[in-house]
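Provided herewith is a single structure, encoded as structure tokens, for subsequent inquiry.
Letters A, B, C and D mark the chains as written, and numbering starts fresh at 1 in each.
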Amino acid sequence: MAGSIFGDIFSVATWGESHGKGLGVVVDGCPAGVPLTEVDVQRYLDRRKPGETKYSTPRKEGDKVEILSGVFEGKTTGTPISMIVLNTSQKSRDYSEIASYYRPGHADYTFDEKYGFRDYRGGGRSSGRETIGRVAGGAVASKILAELGIEICSYVKSIGDIEIDPGKMKLEDIEKSPLRMPDLEASERAEEFLADQMKNHDSAGGVIECVISGVPAGIGDPVFGKLDAALAQAVMSIGAVKGVEIGSGFAAAQRSGSENNDEFCIDKDGKVSKKTNFAGGILGGISDGSPIVLRAAFKPTPSIFTEQGTVNQSGEEVKVQIKGRHDPIIVPRAVVVVEAMAALTLVDRMFVGMSSRMDRIARFYNSSTAQKNYDKL
Amino acid sequence: MAGSIFGDIFSVATWGESHGKGLGVVVDGCPAGVPLTEVDVQRYLDRRKPGETKYSTPRKEGDKVEILSGVFEGKTTGTPISMIVLNTSQKSRDYSEIASYYRPGHADYTFDEKYGFRDYRGGGRSSGRETIGRVAGGAVASKILAELGIEICSYVKSIGDIEIDPGKMKLEDIEKSPLRMPDLEASERAEEFLADQMKNHDSAGGVIECVISGVPAGIGDPVFGKLDAALAQAVMSIGAVKGVEIGSGFAAAQRSGSENNDEFCIDKDGKVSKKTNFAGGILGGISDGSPIVLRAAFKPTPSIFTEQGTVNQSGEEVKVQIKGRHDPIIVPRAVVVVEAMAALTLVDRMFVGMSSRMDRIARFYNSSTAQKNYDKL
Amino acid sequence: MAGSIFGDIFSVATWGESHGKGLGVVVDGCPAGVPLTEVDVQRYLDRRKPGETKYSTPRKEGDKVEILSGVFEGKTTGTPISMIVLNTSQKSRDYSEIASYYRPGHADYTFDEKYGFRDYRGGGRSSGRETIGRVAGGAVASKILAELGIEICSYVKSIGDIEIDPGKMKLEDIEKSPLRMPDLEASERAEEFLADQMKNHDSAGGVIECVISGVPAGIGDPVFGKLDAALAQAVMSIGAVKGVEIGSGFAAAQRSGSENNDEFCIDKDGKVSKKTNFAGGILGGISDGSPIVLRAAFKPTPSIFTEQGTVNQSGEEVKVQIKGRHDPIIVPRAVVVVEAMAALTLVDRMFVGMSSRMDRIARFYNSSTAQKNYDKL
Amino acid sequence: MAGSIFGDIFSVATWGESHGKGLGVVVDGCPAGVPLTEVDVQRYLDRRKPGETKYSTPRKEGDKVEILSGVFEGKTTGTPISMIVLNTSQKSRDYSEIASYYRPGHADYTFDEKYGFRDYRGGGRSSGRETIGRVAGGAVASKILAELGIEICSYVKSIGDIEIDPGKMKLEDIEKSPLRMPDLEASERAEEFLADQMKNHDSAGGVIECVISGVPAGIGDPVFGKLDAALAQAVMSIGAVKGVEIGSGFAAAQRSGSENNDEFCIDKDGKVSKKTNFAGGILGGISDGSPIVLRAAFKPTPSIFTEQGTVNQSGEEVKVQIKGRHDPIIVPRAVVVVEAMAALTLVDRMFVGMSSRMDRIARFYNSSTAQKNYDKL
């Protein structure tokens, strides 16, 4: 695949550039019968919308989504769902200068090497606006998960070296924090830190944590199709992500087996459970019924307003100063993008996994032979 | 895909269990004309072989590979390369007891949930022996990369909290260290730490670093097909890996943009280069010509000999003590597995990317029209 | 894949229903640098447009295509090309009755069984309008082929039992015939036959032939990836196609080996050629440099105006009479659809095949090692 | 994919050449819990075995299959099933001469063009022995179908211009006919015809018909994922197949809509059925519950013993006479290959289709939310 299609059974094909006519996504493989309206999708898109706080670009776009196909009388039909968001506020003239040189930390140089030239207006396909298609597709995936009792909760865990205190974390505070940090004390300190960074014409990164609860045990495939591997690809494919971890993650490398193993136990409902969750809900690449916990590390926004050295397209070293509108941090707006990628991945792997057992297939197709052979099971 | 096939154009399908008749791989999409012998593959397999040091299981297996197809007169023919390693030393009786309970930190429970039952002998398909297929396939990929002047170098960066000192690192020491740590002082300290862990019937994890040099700029696709996303999936699919990072990785989240951006410059050969490589050789998901740097965090071996609480298949909480032969650390043996996955990924993405530019396609197919239209370019 | 995505490297994702807001396609994997405008695509769409002759539905739609992304300054950028055609003339009320019963020869019943319900307006996703996405995508593929000197020519070979006489066939007459039959005498007889069918409230089918010239030898893969297998899937996926054949096709089954084998020879340019082309340009699934010849059999339009027996959604047998606007034959309008599918398939297989030889890969990536090893070849 | 892997969820990767060490297949995506032994697979392989009658090559091979993985205590485990058949009787010396020229009707020339050289011994990967992997994989797929009450019946419909009389066809006669023609009178005439062809050092082709009964309605996907399109690719990928048709096939092109439409009716069990089956069990690419009927046209064996003109690798026109052991007709031995490809395709499409409806997914995953939302349906 050339890059803009994701998923084996529940697939999305995203398209669009920052400064083209619009952006969108085609969702193929959505089951029929899922209740879906534009409001469901808009709610997700609004969470990534620019212009909400002082820490995001002042570009005021409606980013209104329109569903063009695949929904009939309020329900998905099983056929492709095409969604579009028109670009309304781009100003191409802002970008005329940067056509001539390679911005440090951006994909200008690599696009030129790959394609021979690039749509230099606003980063083209490597712009943060590319995530509109992901989020719209993820909204559909999240609807499916909700029907199955599966919920995804994401938030900012740290900005720079300011981290939320797990003891003080309250999930209901996520949207109360302008930085989506569910520890309002840490959030305030992070705001001060960001004010400083902006004063210095600099930028910051951070870590997003995502917790998926209600996932039945048994999702994911051994070897290359591991659920954590699929999540890692999905999350690492978000621009600016430089690291992904599951459960105890990098810290696991420093722990002893006796510390890191989760003992199994029987919970109060008589079901198999685990006393701890260092595994992050995945064992051998397959979900174990505990919440899935992943974290993504985002690098600082590369668009900074201090002078930087670089090279122009004539091959000369030059000093440049980036202008325009750029978030000093993208992490709070990326929370919903991580959530979208997690949802897309999980739905796809759940659908792929429906044929892992002959007894369940036989019951699903409900043949009389199947009843004879498998109903006693 | 159900899980055991990896790659879009250069694909491997691996198979085999720890205690079955053998393990192997089918490589499909290997170009014709690559010089390949069993010696080339054996060299890679020997690097993951058990029984080499006191830190790996004493199981003495030859793990001799046989090439069954796809090679004719010393060269690949372009058709599938089937390779097999027969199991020779497995003892099924060692595993009879563990059939009845779920080992903490292992995939016993999740396999049962997914498949309804499991081949309990030695972990079946979630055994470390599963990596034989990856490494044999990776050996073929590495041969292709070598023909293109691309080299992969991997080593152990840390064990527990003992890390190599970059200032003292010597790549030529990798194989001198029984732990594949190219800082012999750190390696010695890690040996002492492991001796302690073994005494305590405990285990340890660590971090592997992998550096790929000679990769041309322009490999990888935007959005979902990013080279770093593909590498993340590949490496996270290795059993026991809990985190993956590229370049400055998780540390990037704590850095300022001005610290983390790599300035472009012109090198002494007049080519575009970068003054630093915090990006780890990838910008916007596409290789930038600098070395690609990735790290994988491995959890401690879950098979420990101290008593642990768990649940048996009758749903009762029990205390268990694991027996048998188990490495106190798998990280040194996993170095070649990380390398194999990196090679498989890179070859596949290089092949996918050959059609990214019309001028290059036209020259490749060399039509007269193409000459007219594109030879001036 | 769920069904609306086609192609491994050069992929299209089509979407849209007959009576939704519009239809479209996202092309992913188009190389950068292909000259492309809306005029290029419109030319193809106009060939499938309804309302052109008395043998097609009088529905007057503009079917104007808009390119939304992936093109910058008149050239493709390598990123997804999203194209849309808005529906402008659909009348939902025409279809209110047919919601209640299953039209013979249509997909009403099978959609209900698969999805639980259906968008009954105009056939939804099984409407002939679905081909708009294919044709728009095929127009892009044809542009790429044209750059490589490859041309596709398609026409109607027969309607009912009236067949063109190969001796009288003139390709320049294709568009002179309202039925796209390049033997104007046969075309006239077919017109009379169709007038009779319409008088009887009946419909007709036919055969389309497609000839692809200029394809280099060596395209296609052995075993499952055969070029003819890929073409068969592509063409059989067009609604109403019930048979596909390559070269001598079904007639080959009645021939002797000595009649059907094509002898190789040296042509006047000193190149390997064949004296005959019963193989239809493909040997062992791989193109042999001769023109590729395929034929597709289309069933008669199932929407006929005579009374038919069927079953309604309450499970009762009923008599029905279909109303509305329906072509008595779709074959002439399907010519461009066959061409589009052939183009999409060929481009995809050409791109997949670029990595079949190590020497060509080495030259493509042009490394110094490659030069050493392969330039002597 | 490079060509030797087939299927999206239930996948096979086949490997091996006529004159290598052996041939085999890796089946990935087989559900756990299917009863499977080597006897099940051997039964299928025996149906394609050479040396059974005077119409097939006298090469006496055991073609004994060995299952190397994926089966534990008589049942599939859900992990890859690797199967191997060792080559025991090949004689490389028979093929030394043909290395130098291109056999008419064979893939020698196209392999050379694609790969730069070829394994000339016995056709390498384009040999009929390649089908061993397909048939072994198909045997597993057929086991799954049998568990679901689905049966495939295939036979030779015609050889040369001798066709079975549908009125005299008895399926129980398939294996009584040395040509697998279930009309023993036609079979006898075909034997006489073949005796003549052999006398003339010539060969013959024929048509195989395949009927799949018990398929539930609703299998297959709209647009590109149509069940008939998938079957067409699968069957056309068999060497020597030049045409594929479904239901009334090419004859449909000559019929009127009123003749070709199948009227729906209510059968004696009160279920929706069809009065006729010209559609061949598929409407709009989705199974309709009637038997699926497909036919494949095989060209005559290209290896004939009369003198033929061709070109050698030095680019000279030469006269050649092929030697060795070659079937005058491969159609009877190909019956099981068509059946295998049909089974592989159907299982894969059934697995892909399990996620087409939200209500069924919800019941499958059986969440409490699902029960609330969907159990009333």
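The rule is short, and it goes like this: contacts are C-beta pairs under 8 Å (C-beta built on N, C-alpha and C of every residue); 3 or more make two chains touch, one makes a residue touch a chain.
Here the structure is a predicted model, which is why all the values come from computation and not from measurement.
Asks: For the chain pairs A-C and B-C, which is connected through the larger number of C-beta pairs in contact?
Replies: Pair with the higher count of C-beta contacts: A-C.
Asks: Specify the chain most distant from chain A by Cα centroid.
Replies: Max centre-to-centre separation from chain A belongs to D.
Asks: Starting from the mean Cα coordinates of chain C and chain D, work out the distance between those two points in Å.
Replies: The computed centroid separation for chain C versus chain D comes out at 25 Å.
Asks: Let me have the rounded angstrom distance from the C-alpha centre of chain B over to the C-alpha centre of chain C, please.
Replies: Distance between chain centres, rounded to whole Å: 43 Å.
Asks: Indicate the whole-number Å distance between the mean C-alpha point of chain A and the mean C-alpha point of chain C.
Replies: Between these chains, centre-to-centre, one finds 37 Å.
Asks: Listing for chain C: what residues touch at least two other chains?
Replies: 1-5, 8-10, 14, 29, 32-33, 78-79, 114-116, 125, 216, 222, 352, 356-357, 359
Asks: Tell me, which parts of chain A touch chain B in their complex?
Replies: The touching residues are 1-6, 8, 14, 102, 104-107, 109-111, 113-116, 125-126, 130, 158, 160-161, 197, 200, 202-207, 216-226, 228-237, 239, 242-250, 252-266, 270, 272, 275, 279-280, 282-289, 297-304, 306, 308-311, 315-317, 352-353, 356-357, 359.
Asks: Okay, in this complex, where on chain D does chain A touch?
Replies: Contact set of chain D toward chain A: 8-10, 29, 31-34, 76, 78-79, 144, 146-150, 214, 216, 222, 350-352, 354-362, 364-365, 367-370, 373-374.
Asks: Enumerate the contact residues on chain C facing chain A in the complex.
Replies: Result: residues 1-5, 8-11, 13-17, 20-24, 26, 28-30, 32-33, 66, 68-70, 72, 75, 77-82, 84, 114-119, 124-125 of chain C touch chain A.
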